[in-house]
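Multiple structures are listed underneath, in structure tokens.
What follows is a pair of complexes built around subunit A, which joins subunit B in one and subunit C in the other.
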Partner chain A sequence: MEQWLEWARGPLFKFAFAVMVLGLFRHLLLAVAGTVQALLRAGDTKIPYKVVFRTTLDWLFPVKKMNVNRPVYSVISVIFHVGLILTPIFLLPHIQLWERGLSIRWPAIPHVLADMLTLITIAATVALLIGRLGHIYARGISRIQDILLPPLLMVPFITGFLAMHPAWNPVDYNAVMLIHVLSANLIFILIPFTKLGHIILLPATQLVSEVGWHFPAESGDDVAVALKKENMPI
Partner chain B sequence: MIRVRFVKGILWFLVGLAAAVTIFRFLKGLGTVTALTDTTPWGLWIGFDVLGGVALAAGGFVIAATVYIFHLKKYEPILRPAVLTACLGYAAVVGGLMFDIGIPWNIWRPMFFWQEHSALFEVAWCVMLYFTVLQLEFLPVILEKFKHPLSQTAYKILKFFTLPLVILGIMLSTLHQSSLGTLFLIMPHRLHPLWYSPIIPLHFFVSAIGLGLTMVITESLVSSWIYKKHLEKDLLSGLAKAAAIVLWAYAAIKVADLAATGKLHYLFAGTWESNLFLFELLISAILPAALFSSAKARQSTGGLAAGAGLAVFGFVLNRIAVSGLATISATQTDYFPSWTEFAISIGIVSAAGLAFFFLVENFYVYDEPRAEKRDKYEIVSPDPVGGIRLHWSSLADARLYSLLFVVALALGIALMPNIVTGVTPERIEVEKARRVDAFRSKSDASPLYLYALYNPDEHDNPEAGEVAEMLLIDGDRNNKFVLFDHGTHEKNNGGPESCGMCHHMNKPLDKATSCYECHTDMFLTTDTFQHEYHREKLKEQGGCVKCHKDPAEPKTRETATACGECHKNMRVPNSFVKVEEADQTGIAPGYMNVMHKLCIECHKQKQEEKVELAPDLARCAACHQGLDESMLMVVEPYPQPQSMSLLTQR
Partner chain C sequence: MRETTPVKSPRLNEQDQVMTTKYPYYVEPYNETERPRRFLEAFSAILQHSNYGFVLDTYSKITTKCARCACNCQVFMESGELRDVPCHRTELLLRVYRRYFTLGGMVSSRLFNGFTLTDRYIDEMAENFYRCTACRRCKFGCPMGVDHGLMTHLARWILAEIGIVPKALVVAVREQLQGKTGNTSAIPVVALKDTCEFLEEELLENYNIPAKFPMDVEGAEMVFFPAVSDYLLEPDTLMGNAAVMHLTNGSWTIGTGYYDGINYGLFYSDTHLCNIVRKEAAEVKRLKAKKVLIGECGHASRSAKAFIPTFCGGKKAPPVINIMEYSHKALLDGRLKVKSGAILDRVTYHDPCNIARSKWIINQPRELLEAICKDYVDMVPGGQMNICCGGGGGTVSIDEIRKFRTGTGGHVKAEQIKATGAKYVVAPCANCKKQLREVCEDNGLHDVEIVGLHDLLLKALDLEYYGITAPEKKEEEE
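What follows is the complex of A and B.
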């Protein structure tokens, strides 16, 4: 068991983390290249970049959008994101692992706060899943990954909590730790290949859709006319 | 085009793997990614990348000579691909050298600091000049595509100088191919007699011509297979016919050379080297030459592929043998390349392959560019993450290749050992001091004692000194030791009560804890606190809660009970052991630092106190005396464990 654990948080972790970082970087480059191509292809010079930039920022911090459609769902979503991002990065044992491996460290959050954030995140995940499956329209537009990813995201939080509180842990410490590390590695690997990619792609995709939004209406037909390709399949 | 995409995908993956190694090669140095040693400083990178790469690039000057010097104009269609292969081959050699040269940014030095007596000097200049010439020879292919007047002028100038460039290229590669052999003239004692020869430059040159011809055949076969294009079979069979002559000549020169120097008996000696040599000669020269001598085999794709493949493999093996395999019997050192060395070698070749594909697809290397014709109005596929339909057509391949590249890069980083990716160097475990019999004598020159390991034959004169029990301190077991007169030190410091002056007293009822128990590494800092040991010891007394008292707190070093609560009076007053109180839960310095500090500080103090008695007490030689080669012979083999009673356990 311990050798598996060593492997999971040694080479496997390095692979998963590298796939995440490099994969996200790759996405960013491709997204930028694709946007540039789309712009060149449209040949449109009337894109209001200031508006695009501001709305993109608005979406990054969705305070204004929270009360629009499903306010409770929106609030839970924000809480979920806060716990999901803060807890793993600022947990003391995680920082100590970075320090052991690469001699880098940063301030940690108090242990009690980490505990609270963990429980809140788990609760928020459950709530989000209920909100998605319980709402008829939300269920209608859900893909398989939308339903499977939240439970997967919960696994490292639950196992991490059990590992930190041995008294509540019904099974072997190393087993819990192995599940913790393996599930986290799986998430790292999945990030560049699923909707989790919005970690870095959100600004980029937001920009793309905003740019697309501002293309003139019926502009596709104009292009077809210019190319003398009217009434031909695109 | 699925074939092209498949091959390119694999190449991008291999380049990604090499990229990972590249990061650590230049970040952490040669030693972290190679299996090279001082006795085997030339490994796979020199054998394959440099010697092999240069030989594989010989097709350029061979075909250039055929077309421009011998005016065999029918070979013109394969001139550009041959020059391109040569140019990329040399680029790969230069790239490989960057990895292999310990300090690659000094590569410019041969240009300004001339060592006319060095064979490497000639090699360096020839590589630089010929690489330049090859680029100038190929540049028109790129320039002709651009309509800019400047580009057109440059194209015309280069075209005008084609013949001088070709002649220069042939001269330089003749010099260079053979001077790589010249390198080995200075190591007759290193190279096995079967490979060593005073005319090894000639061997290298003739084999390069043969390899150049077969390499052009190989490259044409591969390229026409990948792009499903027509194969210029009549041209290739013409080359094969020439190759047959050259390869027969090469084999004849080799055997005649052995006969002339009286080395024929090595050939069938049945040793590992003789078998390797026969195998190499068979597949590099005799088999392909025999195959190419038959007109029927020359006309068939299978015959061409088999002959050229054998020759290419055989000659690369020859270069690897000369630079490495044939030196093993002389140096008696095992060397097998690490996976990282293979990754770099394969990665460089893959990168050259990708460059070849790019140039072939976008320029007139063959009669026309071989790129896929895309439908301008094809329906674009949606982006898998964003779901947006961007115009991806020219990025569609980039998505696949970059994915493979990224995964390979991550895999390479993951496969690197912790010692390379992390900050922790390798541990050197420290072991306990051993008790030995030593001979203690006084010299007239110094007031200090002289110590030596006790040898009954040598130290039989009781008047010269006395035999005493001492500690042999050699923490990393590297045969460099200090004989420590424990008894005298104890006596001089005040008898049995003085243990605490030099020792920690960590264990309850303990008088002296051995240094190696906490200073477990020779040079690195280590944990003072051995968690596993304590957990085992405290099992009966309540386990974890004995130290981690508050179950609500995380179980870290900071929240644990201080060591001093259990281990009281760990140091006596006036102890020479200097420890910060906080350090007891923290980091123990390396063994050697601690031993030096503890001994030297006390010695310095005593030296100042008794200037007339011990003026040299604080010098290195006071403890490290007479540790010459003969002393090291005495300690080998080490005393067996049962004969050692350990002073530390008293």
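What follows is the complex of A and C.
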């Protein structure tokens, strides 16, 4: 079991993390390249960058946006994201792992806070799933990944919590840790291939939506020629 | 393919039964063989020559399907149908993109026997993308910044390239681009001149204002393009326009070479959008004018403002202003004098989506109205977050879907108008005006009058300041 665990948080983790980083880098590269190419081709390159920037910030920190639509769902979603981002990054044992491997470290949050964040995140995930499955239209437009990803994201949180609290842990410590690490690795690998890609793309989308309206000056003619319709009556 | 199971809203009655025929709107006969293949060919050509590719690519990676956009859609609010959730509609197009234009989609479709584009699926798109009014309100509800209006715009273009496009829109564009009259309402120049002369006489008779509709004046500052239907349907708006121009010494002209601001290309085809704005720019150039002046019309204003620079030379393209901007500036400059509180009845303002979403024209008309109205009230919500009249995206021209437009699409607006208790709804847009009149008629708001901004301005001009004594007949009326 211990060898498995060492493998999972050694080579497997490196592989999964690399897949995530490279995948996200590819996402970003494609979005940036696409935007640049679109701007080079656009007939009009005047973009209201200030407005785009402000809207981007508004949605990255959606304080103002929470009461607009589905307010309860939105508030829970924000809490969920806070827990999901802060807990794994600032948990002391995680930082110690980074220190052991790469000799880098940063301040950790107290264990009590980490525990609280974990429990809140788990509760928020359950609430989000209820919000999705209990809302007739959200359920109607949900894909398989929309329903399966939240529970998967919770596996490392639940197992991490159990590992930190042996008294509550019904099974072997190493077994829990193995599930913890494996599920986290799976998430890393899935990030670039699922909607979790918004981790890197979210700051770009407002700009993408704006630039999308800036068409190439000859696009209409070129499409007509490509479809052999340039001289056809309407 | 996921089935769209309409979820019945208790508010809906038999009117949605109309929508169960193949398409709710008339389509001219077209080649119906191999539609999926031709759809994909058109999609592919558009991706290659335009800028939509990276947008689709980004959107297909990030949509989270949270349904927050649904709360922003006035069609969904009323219909309560799954297919009217903006994200669901956008997914129709994204699914095709993923399957046929991304590596992952191609691989997974082979591995899992996935989605295939079928005739039925195309029919579903054809119907759903014309239930959207392209008002772009949903964009403000999307945490991921997905612009569903852009997706509707693109999907309609692809559909149009295989022949699926409402007949009402095609007929208008055909006359505008290839017809004898060169405008969507098929008004010949003779009739245009006749109408303008008549309006000049009316102005003189009723208001004593010797205003002119200048024709083909070379070197004028602005060339005027109203929605051409105004010449048939909105005499008061046009008289208001001319009166304001006359009193403020505006240098403007109507070009008899081309005088139509309407641009249905915005609703279904970038090719036509491009050709139509080029006609405007060419007319400005022919008359050696400097600016494009668009009348009271939302989509005409946006298509000129946003796409004349795109298709007619970027920074070198003539600047575009809306007539409300002109009047507002004249009011601030003190060139336009109005009688404050001249309009006694309660007035409210409807923001046309195409000029309000970008925050371009929101406060100007309100300031003008507040200057002339005794009892002005705002609609809630208004401004950038206004609710569409229900006839946006060209749907207002499709007469056969009137029940859908005024019932499902326009009911929320009707409630909004009712809540203001206004007598006059100012809707500075040819499409909004037609739609709102029908909305009021079909929703029992018979006392409400839909007018243009300049209709009211005309009544509130401070003629004494300009040394004009109003004719007696007018005073008796008041």
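Keep this in mind: the second predicted complex is superposed on the first by the 208 of 234 C-alpha atoms of A that agree within 3 Å, B and C clash if a C-alpha of one lies under 4 Å from a C-alpha of the other, contacts with A are read in each partner's own complex, and residues count from 1 in each chain.
Here, contacts are C-beta pairs under 8 Å (C-beta built on N, C-alpha and C of every residue); 3 or more make two chains touch, one makes a residue touch a chain.
This structure is a prediction, so every number in the text was calculated from the model and none was measured.
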Quiz item: With both structures placed on chain A, which of the two partners, subunit B or subunit C, ends up touching more residues of subunit A?
Solution: C
Quiz prompt | Which of subunit B and subunit C A:M154 touches, first, second, both or neither | solution = neither
Exercise. Go through the superposed model and pick first if A:Q37 touches only subunit B, second if only subunit C, both, or neither.
Key: both
Quiz item: Which of the two partners, first being subunit B and second being subunit C, lies in contact with A:L117: first, second, both, or neither?
Solution: neither
Exercise. Could you look at A:L190 and tell me whether it touches subunit B, subunit C, both or neither (first, second, both, neither)?
Key: neither
Practice problem: Scan A:G101 for contacts with subunit B and subunit C and give back first, second, both or neither. | Solution: first
Quiz item: Taking the superposition as given, does A:H27 touch the first partner, subunit B, the second, subunit C, both, or neither?
Solution: both
Quiz item: Of the two partner chains, subunit B (first) and subunit C (second), which one does A:V19 touch, if any: first, second, both, or neither?
Solution: first
Quiz item: Just subunit B (first), just subunit C (second), both, or neither: which does A:L178 touch?
Solution: neither
Quiz item: First (subunit B), second (subunit C), both or neither: which does A:I76 touch?
Solution: neither
Exercise. Report, in rising order, the residues of subunit A that make contact with subunit B in one complex and with subunit C in the other.
Key: 27, 30-31, 33-35, 37-38, 41, 193, 195, 197-198, 201, 204-205, 208-209, 212, 229, 233-234
Self-check item: Residues on subunit A engaged by subunit B in the complex (per definition of touch)
Solution: 10-12, 14-16, 18-19, 22-23, 25-27, 29-31, 33-35, 37-38, 41, 92-93, 96, 100-103, 111, 164, 166-167, 193-195, 197-198, 201, 204-205, 208-209, 212, 229, 232-234
Quiz prompt | subunit C residues touching subunit A - in the complex, by the definition given at the top | solution = 5, 7, 41-42, 45-46, 48-55, 57-59, 61-72, 76, 82, 85, 87-88, 91, 104, 139-141, 143-147, 150, 161, 170, 173-174, 177-178, 269-275, 306-307, 309-315, 317, 359
Quiz item: Which subunit A residues qualify as touching subunit C in the complex?
Solution: 27, 30-31, 33-35, 37-38, 41-46, 51, 55-56, 59, 62, 65, 68-70, 73-74, 77, 132, 135-138, 140-143, 146, 193, 195, 197-198, 201-202, 204-206, 208-209, 211-224, 226-227, 229, 233-234
Exercise. Give every residue of subunit B touching subunit A within the complex, in rising order.
Key: 377, 379, 383-386, 388, 390-392, 394-395, 398-399, 402-403, 406-407, 409-411, 413-416, 418, 421-424, 544, 551, 553-554, 556
